[in-house]
Amino acid sequence: MAESLAFEFAPAIAVLPFVSFLVALLAGRYLPKKGAIAGMVATGGSLLLSAWTLFAVHTGHAYQQTLYTWVGGELVDFELTFGILLDPLSTLMLVIVSTIAFLVHMFSLGYMNDDGQTGLPRYYAELGLFTASMLGFVFADNLLMAFMFFELVGLCSYLLIGFWFREAGPPSAAKKAFLVTRFGDYFFLIGVVGVFATFGTSMFGGPGVDDSFVHVAEQALVGEASVNTFGFEPQTWFTILGLLVLGGVMGKSAQFPFHTWLPDAMEGPTPVSALIHAATMVAAGVYLVARMYGFYALSPTALAIIALVGGFTALFAATMAVVKREIKQVLAYSTISQYGYIMLALGGGGYVAGVFHLTTHAFFKALLFLGAGSVIIAMHHNENMWDMGGLKEKMPVTYYAFLSGSLALAGIVPFSGFWSKDEVLYETLVHGLGGSPILLAAYAMGLIAVFFTGFYTVRMVLLTFHGEPRSETAADPEPVRWNVKLPLAVLGVLAAVAGVINLVPVHAVVSAVPEILHDWLYHGPTGLNGEHYHELITNDAFAGYTSGELLGLGETGTLFASAGISLALAVAGSLLALVLYRGPDPAEHTDKLGALKPVLFNNYYQDEYQVWLAEGATVRVARLADRFDRGIIDGLVNFVSSLSLFSGDRLRRVQTGIVTNYAALLTLGLTLLLVAFGVMQGWFV
Amino acid sequence: MGSLAFARELRRATSCGLPPWGVVRMMLELLIALCLVGAFAVFVLPDEYAPKAAFGISLVPLVLSLYMYLTFDGVGNALLGGDIAFESQYQWLTLGSYDVSWFMGLDGISMPLVVLATLLTTLAILASWTPIDMRQSQFYGLMLFMEASLIGVFGALDFLIWFVFWEAVLVPMYFLIGIWGGARRKYAAIKFFVYTNIASIVMFVGFFGLVFGLGDSISSLALPEIAQALRAGELGSLGAFGPEQLALLAFLAMFVGFAVKVPVVPFHTWLPDAHVEAPTPASVMLAGVLLKMGTYALLRYNFTMLPTIARDLAVPIAALGVLSILYGAMLALAQSDLKRIVAYSSVSSMGYVTLGLVAYTMYGTGGATFQMVSHGLISGLLFACVGVIYNTTHTRMVGDMSGLAEKMPVTAGSFIVGAFAYMGLPLMAGFAAEFFVFVGSFDAHFAYSTVLTALAMFGIVIVAGYLLWSMQRTLFGPFRSETDYDVTTASLHDVAPLLVLLVCIIALGTFPYDLAFERVLDATEPILDTTVAAVGGGS
Amino acid sequence: MAVPVQYYLVFSTLVFCIGLFGVLTRRNALFFLMSVELMLNAANINLVAFSFYHGNLTGQVFSLFTMALAAAEVAIGIGIILVLYRNFADVDVTSATTLRW
Amino acid sequence: MIEPAWAATAPALVVAVTALVLFLVDSIDPESNRPALLSGVALVGSLAAMGVALVYLLTGVGESPVSLYGGQLVVDQMTLFFHVIFTSVTTVVVLGSHDYLDSHPYQAEYYILMLLAVTGMAMMAASGSLAVAFVALELASLPSYALVAFMKQNRGSVEAGLKYFLIGALSSAVFVFGISLVYAATGTLLLDGIADQLVEGTALPGVLGVGMLMLIGGFAYKTASAPFHFWAPEAYEGAPAPVSAFISSASKAAGFALAFRVLITAFPVASAGVQNALDWTVVAAVLAVVTMTLGNFAAATQENVKRMLAYSSIGHAGYVLIALASLTGTGDQSLVLGAGMIHLLVYGFMNTGAFLFVALAEYWDVGRTFEEYSGLGTQAPFVSVAMTVFMFSLAGLPIGAGFLSKYYLFAGAVNGGLWWLALVGAVNSALSLFYYSRVVKALWIDEPDEPHTIESYPAALYGAIVVAAVVTVGLLPGLFLFDGVAFDAAAVLFS
């Protein structure tokens, strides 16, 4: 009874923040905190409800209900509906999102209100809508609804990144973020349409859903169902569909080559960055892969590509983070890199690992951003780490929380990031060893990235908090209030301990220690649980992954070896940074990179070529089209009209005014007619 | 209870005590008469009373048409034997052996368009209060006259009546552009006038080819009769042309004729000039309603009457649609005049309609019709926004201003939301329409439908590109204006149209089926049943 | 029937062409009028000749009408030539060219 | 049927009698100048004639054709239909002339000539033989020459009269020579008789063919069609504007009335003789294309409004020629012919109105060019609205009945299988829209260099213009009064 009541209330999880959006939008300026309180109440309510549904799912079953038929009826080929799907995955994500949204709202009180910013009602309205969209996306029960909220998430991120619209930078960054993700969403949209055209439904599944497209696809592959595959082999077509949807994922989750928007998005207010990076926008991408994992698990090609993209992005972004000067830039690249890991996990067959890393990352990245926000408040919105230093003593709460998050990010045992990253690498490794060189390559890249991650994380911490203050503001930072410290404290604890939900290595030794997350995800509804995914992954008809072991170490041996290697690399990276940047007055070492330095500072020239594509090339083509349009097409129209007028002008000159000429022309005309018709009618024969 | 069922319920409830069918059926005539009488009244009013009088007068048809919408009880397609709502038919003329009658009525396709016309007219009149500062009574009189013609276009079910209204629309538009337009208004007005007039005649010739090809199998120019005869394969030969040839030629002639109005690339070049020069309220009407006449006619004539030809020619037509989408969007990208940008994006958006129509699927045809309404609202909104901006800044060039969001928050907000609606953001009308079209055309009957649809979807990326770019340049950044005018927040009657349109767009995007799509589908569904249609044979 | 009817046809055509030639070459309005008379008479020749050929009187009677109308035409013509002379001080038909193009 | 049979010619008779009455009035007191009396008599006469013609037409007096004087005169519905056109145009023109002539001398002669010309036209529409046709043609033409040259102090008027006369005389000669050749080939001048002769074919197809072509030349002259149109621009431009209105509307209609009757009755396309001699539908098609193209293209670049209207009048002759060209025997013949008749009816009003507006402009002395018309819309909104109606109706926009009639013609062309002719018409029509809207642009859109000063508003001229405008607009919904009649009247010719 209790759980069904929880499910009844579940839509309110998204509706509450939406209401706060409306309140802030319409009445925000009259409210004491300009809508912040409303937002906190709403997200707090969402958090409670989410927790309740989580509990309900835990004690009872998953739940699916169609709430609203967007398009349906007897005339319609297939219905388009909105509904909610509450299963272990979505409820977990709901809790994460609402937690972080709640904390971000609270933090915003300190970051925005206390700072005397203008436009706060707009800020809280957008924040509310952002949260609502993401929550709606998370519990969507079909791909179309997911797409719709996915787009709304994009809109809100556009609005929030461009919050400080009076400056030049934020609107530009907002535009870039929306455009790049829109480019990815283009493929996603084709995918959605393709899914409808193929299966006639886009339901993810869940209790009560007989024919989810995931399930139908599975049956089609084993020959138990037949669908229109547009002339392709079913598996090829499903791979294509999967990859199309993946386009949206890569755009939102900032995977190479769509990652360029994310560093620019730092132009937005820092709490927004925290929300975007930890729980909403960026997380939406990988969440979608997890959500329809049963579909991806059907296609080894799609999985391999996901893994490869993830591994490459992890490494690629990590190397760029190494040289950044601004604290938020480092964090931005670390986000890209970490989502690369999650992709790597999902592509490598580690569904649980992916979700695990998604969870831990949400906490420690939100923490890091809020910590950075705290630092930025203290530094009067100066983000350059080379102007900081020595903040450790001035702001201990921030420091320790930030340190907790950093160690998690670097993957140092026993912080949460270690456990999840380790599992990611392990899953990829074993499946790679099972006979997939692509996975091994992806694993290798992920592994190397661990080293860089350790390096840039520790570098960031050292430069920010240690040593002597390198500027006057750093020497006398602005104090922060409870509303900043409390979220940091909460998240600091979470970042440190969240790993307990899936202590795989410990479980391998002491089986009494539970793998909570593993069990949690494995107990989902039919077709939507980890167990089923595992079957799909290992079934030759689908992905066909097999597990291998490292040098005959056995399963447990491989597990520990993998953990050891990654931990060693993380420590190595951290130590290197410690060596280089320790001391009261650390030096820049970027010159040692030689020719690599400009390449890294310029982010491998990714921006340049993309800007060239978006502006240089496209605008040139557009201009060309414009010239063609005005010159040729419109020119033809105008030419016809001038020609008519010109010939009209010539024609009227025939009328010379001399009547004898008229008589002559008249006679000529008559004669011509006589001759012509004479010949035609044969009068002269 | 579906909304259609609700409407019928309401009709039953409200018609108690009202004079039954007779009067209620004359609703369309009442609308047109009101607009015409209002137009004449406004014409003779002094200039200073005209704006408010016109607004007041235009509210009456708006409210009436909303009432009609709510109590709409049509079933099926008006041309294909459905129950026609608000039907009236009186003998008027003869053309040789064919009867021409005053034949009006609505079905699920035309009903929403009538409401669109009345709504946008009212809002455009409201949006004219600020910018129109001379010869007001003439201006508002012409607006009302145009409204009457537009209602006539969507309501007429007899070819000649329809054609009268179809051409009558040109006249007020010519004056609106010519008198109250920008610097090159005379060029734009005459270009619009002549270009679309040629198209009408070409279309006329094509249509009469069909009429005479049908010969004795029809006895009037009533569109339902002609459509049903054509679909029953009654088309005979005319002169040297056999039935197939005749049908093909007629189809092409009508297609070209309507394509100019839509406009389909490469027949579009009148549109940017007309839009740029027209006063903003006229642009609202032009983009919002007048372009829909083209697609409405395409649907009613080409795609309803000659489905087999349409299906045979699906690939080139769809390719033209896709070309319009992409090429129009690329052109919009190259512009720096806000109105030109929106004008070209109209070309682009109307391409979706073409694509949807040719798909001959439930979602395709229905979505195309839905897109007509949705694009009417959205482009109307964007043009109105540009107008409000122009009212205060006196420039439309993207480079001439920036940071307007600070000075005019509501206008800027409406512009932003409108732009996102244009980009097809979910829960707004544009997304619903475009998604229906894509779903409908993705696995349509013709070759390459998948590829063409995928190409068409790329339009959503380009549209985002140029709209975001122009918003970034004009609305955001530090405030700056090249022109020496005091930029302040717009007055209520300026922003009220924007807000009304916003509400409509969001409502239509969130509840598409209940608000409109059900009615639309009810009327478009019979078109899809092409099994009976076979050209040739004759009788 | 001494003369074959075709000859009349040829003759009348000849007269017609002579008249036409006059119309095209003469600039004096009076000569123009006379040439037109010649053309009318060419028709009369036909009418009379074929009236005889067909054996009915229609043609002959009609030729009388033609002559009368020719006279009326001349009357109007002379009147117009008179005002032409008053306004342009000339009876050259090519002198009046204020209206053209 | 009507008893006595001659009563069927009542419209023509009323007009002729009115002319004689005017003679009488004028000869009683030749010196006094009483414009109101003269124009009043003329107006009453033409109104009466129009009334009679209308009543006859709508009660169907000509439904079974009345044949008079051994078939020399025929009164059928088509005759009556054209009588309505002539008399209504005359009524409007007479009304407008009252103010235009102002205190001009020789007003009685003016009205007399006009009424006599109308009598001639009425005869043309009723002629049952080529003899009557020629006499009627001359009766219509000779007064017209004088009318064009009426302003004898005005060089333009005189020059126009001269050109009109010279080309007219030449064309008459061609026409009558054509008659003689047709007579040569068939031995009769009666239209029915000719048709009977041609059923079996003819021994002299060449002679007949040349004769027919020359007859067509005569029609072309009267209707101002190529290549006999050269007089028209000058005559219309130089003549007093009401006379231009009269000639370009009524005279053109008369020419077509004659052409319809002669070609259809005497030379049925299907008969063997015509087939051998000359397929006149092809000639008509050629002439239609040349005429409308020439007229419209030359009109497009004019600076003088009146001359533009003159060329547009040529263009409209081209449109109506479509009706002749489409009588190919395929499709519904009466449809296209009826369309032509309807177009002439509507054209009578809209074109007359347009010329009368020019008359008003001349009266006000605002100038002749488009530029000089600019800003009139604010000075004289009423007539400017009327002029806008005329222009758009002439262009075929549904502001007036010109829309319906023009599209009826195009439909007729398609019906006759001549869709290409309709497309040529489309191009021309678009071009015509361009130059007609130049007038509208001048009236409403262009700013005048210096505002006009308009001192008086002549009531009769205003009245004439407004009547023409009201009828032009009113015929759009009210065409049902005439369309059935026109199609039936056309059908009679083919029965």
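Letters are used for the chains, namely A, B, C and D, taken in the order the chains are written, and counting of residues starts over at 1 for each.
Quick note on the criterion: contacts are C-beta pairs under 8 Å (C-beta built on N, C-alpha and C of every residue); 3 or more make two chains touch, one makes a residue touch a chain.
Small disclaimer: the values here were computed from a predicted structure and weren't measured.
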Chain centroid nearest the full-protein CA centroid: B
Contact-richer chain pair (by C-beta pairs counted) among B-D and A-D: B-D
Taking each chain's C-alpha mean as its centre, the one farthest from chain D: A
Averaged-CA centre spacing for the pair chain D and chain B, given as whole angstrom: 41
Centre-of-Cα separation between chain D and chain A, whole angstrom: 77
Rounded Å distance, chain A centre to chain C centre (Cα mean): 96
Computed distance of Cα centres, chain D from chain C, in Å: 26
For chain C, residues that touch 2 or more chains besides their own: 23, 93, 96-100
Touching two or more other chains - residue numbers and ranges from chain B: 194
Numbers and ranges of chain A residues touching at least 2 other chains: 641, 652, 655, 657, 659, 663
Interchain pairs in contact, sorted by label: A-B, A-C, A-D, B-D, C-D
Contact footprint of chain D on chain A as seen in their complex: 641, 644-645, 647-649, 651-652, 654-655, 657, 659, 662-663, 665-666, 668-670, 673-674, 677-678, 680-681, 683-684
Complex interface listing, chain A residues touching chain C: 652-653, 655-660, 663-664, 667
List of chain C residues in touch with chain D within their complex: 5, 9, 12, 16, 19, 23, 29, 32-33, 36, 39-40, 42-47, 49-51, 53-56, 58-59, 61-62, 65-66, 69, 72-73, 76-77, 79-81, 83-84, 86-88, 93, 96-100
Residues on chain B engaged by chain D in the complex (per definition of touch): 91-97, 160, 163-165, 167-168, 170-171, 174-175, 178-179, 185-186, 189-190, 193-194, 197-198, 201-202, 204-205, 208-209, 211-212, 238-240, 249
Residues of chain B defined as touching chain A within the complex: 2, 191, 194-195, 266, 268-270, 327, 330-331, 333-335, 361-363, 403, 405-406, 416, 420, 423, 425-427, 431-432, 435-436, 438-439, 442-443, 450, 453-454, 457-458, 460-461, 464-465, 468-469, 471-472, 475-479, 512-513, 517-518, 521-522, 525
